[in-house]
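Labels run A, B, C, D, E and F following the written order; every chain starts at residue 1.
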């Protein structure tokens, strides 16, 4: 259940019996051979599955994140870190004003982590608000599966190659991860990463991807209990 | 053609032969009986139709706008005006960096107009950039149709009741527009507007809505020529 | 009655019996053959006449607005949109703190509209505050007069050529309005508009200008009732 | 010669032979028995006299400054320090863009000093710009006259009681300056300063005020040489 | 070698032959029984040892970081995330202007991570700048030692109990880590963490601490090569 | 007593019987032949002596200030004025939250004065807070000693040449102060001031420096009474 099929009266009804919300924060950036919108698509797919099981609402996704290091790849749209932080604050304040009290942020992009600090600041001024933040690819449950199959998770490699993020054929042969030290500018980043993947296998079997999806889903269902 | 079905290589190919882009800027706010996401849905529907005809890309939509006056209606999410302006700047700078030079902003919400001023500021620092801004409901072509059918256009009345924004049955009887003077706070706004519509008919015949959609579409197709 | 002839004790006396204020927000920008300060002079003249009739105070004018598109005309001074919005906020908060509760903003420049959104935001945090915004040239009463005399209102044409804004002889012959599409940078703006007028007659008869002035004045007197 | 009697063509002519400008930055705040606009009126009177002698232009005045400590006196309007700094930056950037290269800021209010630091920052990015800042009451020439007549200069006492800032009768008897330690909040400030004067004589003989005005004028004429 | 024993001529000499710099970014926040300044002391001690071996300069430390969640513990001083980010930007821009081109940030506090994103943004505008960021407690080399001794690293437990951060006796008995889910406000944080340690042993043997210090030092010496 | 030898429990004990704090705000900038950190070292030395006599705590110093005009001297690190102001606000808000109510700012650098205005703004929102600001070199007590010995105080001359700020031999012969008019950019500043001293004697006898130190110390001890 997404917000867009509802009007405000539906929200009022919803809020009479529920104060939980899922907020998807993604990015629009190069993902090698995968969709530019992968970082929205993955957490949104998880949110939609979780919503079907729990009836908990999903706010409209934040389609942009912080990706300054990928700006030399055509198509990447990056918010300044100060902008993203303000966007997240405004959304949280608005939904708090509406009556939501427990918000699970489903983050799709590592570059969005700075927004977490603003959430801590908000908790000090919005009484009774509870917030959680879930970045699926950093979850122990997901990492464990990767290790089980001896696959190394990385940006734009097999880890993000779900059926719904694939928009082109993927190379059959694994990529040698480039050796990186320190921070890269956008120009250096493109020079180092070439096709955009951080290396390793480009694809894993569907069953592995399912396993990962299910593991993340279980985490989310657990987090939605706000215990 | 939306960005989300593409990877960055596709973008590179696209940019080799084209420098135009459509950017949908919406809002997430009360629309009476209509979808909370109406201000995204309408310009996005127009953009998708225009894209099918022209092959011009659509950036991922900005799902939030400035709606401080509707914050007392559950579900409304409002960005501060300073935040929205920064979001728009960051997006324009990013796509300019990618190589886009002609951007048509398809705006879905009157409260987003302040962002226009930042666009003028950007034009003074980004050479060869061309920008247009289209708010469909303010177009002469659309107003003329409304007048032809003797329908008064207003927020959350028939004007925005497209098949794809309707999420509930609409009242059969027209609403008496409340008398408003000056600016309203969120609290006063809800007290004045009650169900959220600014008054008049809640619904028009499908054929009228089609006519309006086509008129706006023609405007967009014309603007995309950037003549 | 302007603030500058008063000391704070006078203000205290005033506020004991009155909580209304007029605030003039102008611009300092090219106006073709007319004064660079036209956008302050016109609303200030209206405010002074209204003040004489009602005794309602006028705050010192904001002499600068948002005019990025005219920066290539010598003399134009433009505030960034973020700056103007903050100025307006600070003024409103200050006068609210003093005890004013009803403020009519008399705006002289279209580029200042973004500040309206901040006013809505302020209404949500300053209880009992009432705000109105009047841009004289957009008023139905004024537009109606222009239509009556078959004159097309536009920037720096006859519409703004009041006796007190004229600082040079005006061309006798009407100007062909340049054809503009999309947003213009400062450089393109100067190239398109040449002398700065947006076209049409440069001057109207004094009696017409009087009629317009009186119409706007009546609007203001009505708005000052805050009904 | 003030900007308001000119159009942009006049400015273009002016800039062909001259690159100097005077900018008055004032305040709107309690001045005891004197005009709330004293901090604009004094530097503006000086600027106008200097302009008559030199033909150097005066920009429209900044009518507001930083006066947080006086906000409990009715009528005081205070910009946040961050806002004032941005206003000054925007004005300087605009006039630099117009072609001005030497700007003398005539400051009327001690609380505006923070803006000086932004001017230093601007000098590092705007080549060939030269800036001076003159706060008349801190000038040696003025202090010397005060000492000569054994008068102690202070906010809202005789020092600022020029014929054009007087808007009420002034107390005949000198005021005992309150003993202040540390910074005062707006509330404490009003409690300490009562009528708003910082103490001492309320008025000096016209001839002394003339002498001070002339001394400041000579300073300004000298600074306008930008030697 | 710290900056404070040098004058600008020394810096000029230094920069003639070297362009590397270490910048310590710490925090001032509760660390249980340990010094409030632990997050400065640890990276600074590492920097000083590295400086003795390499001759590379250390900038004056940033003594404050982002610690909103600890504000209910007396003594904690927290910068807003937006402030910290600006501080880091200004420092990097200044040292870049001086001629430094390779900067290793030695971070002492996890809450400072958002500043990393601004560094990426800066790399896109400051040519030839190279930046690295080292948070000693997240280094594989350090984690490996902790695992070797079967000690669990956490905030304000044995991990940070170096001889130079101890300012009081430490409890002999290990602490049961509180169970935390989601983000904590400052109030909840104090209630959950009580004495401020995140749990586990309060102290480890000196030889272990030495081993950790040496491991981090080796990492730093390696990073200073900027290979 | 500095914060860094304490843990939060110590602070809690301290705050049970005391609500005063000293905050040192310095700069990191060229000081001619003297230490780049002179503006921290001097107020910190004063604070430490005062702390020994009174037991009043010293917060960790702010090691950076506003020095845009010295950026062309290697080693100078300058915060934008907006950044410094935010840093000071965040520190004051944090210590206020901890329970401090009387804060004496010991400022070491004239360029930091803009932060004073933010302190006034804070006093209007933080009840019962008391703030003082002491810039030792502007104190009458210090100026009087300089006059007694016929020494002219100036940046980076004898005035700041304390035993603990000297890091190199000082020229024996006094420097002719350069003639400056108006504001200087960083480039012009270096060209004008050459070695960085503003002129006059480079050194005074130790006994004079002691006298000055003691005078400033007495001022501080008096201010710490917050009478």
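Simple rule for what comes next: contacts are C-beta pairs under 8 Å (C-beta built on N, C-alpha and C of every residue); 3 or more make two chains touch, one makes a residue touch a chain.
Since the structure is predicted, the reported quantities are computational estimates derived from the model, not experimental observations.
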Stepping chain to touching chain, what's the minimum from subunit B to subunit D? 2
Going by the contact rule set out at the top, which chains touch both subunit A and subunit D? none
Look at all chain centres (mean of CA atoms) and spot the one farthest from the centre of subunit E. C
Could you tell me the distance, in whole angstrom, between the mean C-alpha positions of subunit E and subunit F? 26
How many Å are there between the centre of subunit C and the centre of subunit F, using C-alpha atoms for each centre? 47
Chain centre separation in whole Å, for subunit F relative to subunit D (CA means): 28
Touching two or more other chains, which residues of subunit F qualify? 71, 80, 82
Using the contact definition from the top, classify how the chains connect: line, ring, star, complete or other. ring
Cyclic chain order when read starting with subunit C and heading to subunit D: C, D, F, E, A, B
Which positions of subunit C touch subunit B when the two form their complex? 66, 68-69, 71, 80-82, 85, 111, 113-114, 116-121, 123-124, 129-133, 181-188, 223, 226-227
Touching subunit C in the complex: which residues of subunit D? 3-12, 14-15, 28, 30-37, 40-41, 59-64, 71-80, 82-83, 86-87, 90-91, 94-95, 97-99, 167-168, 195-196
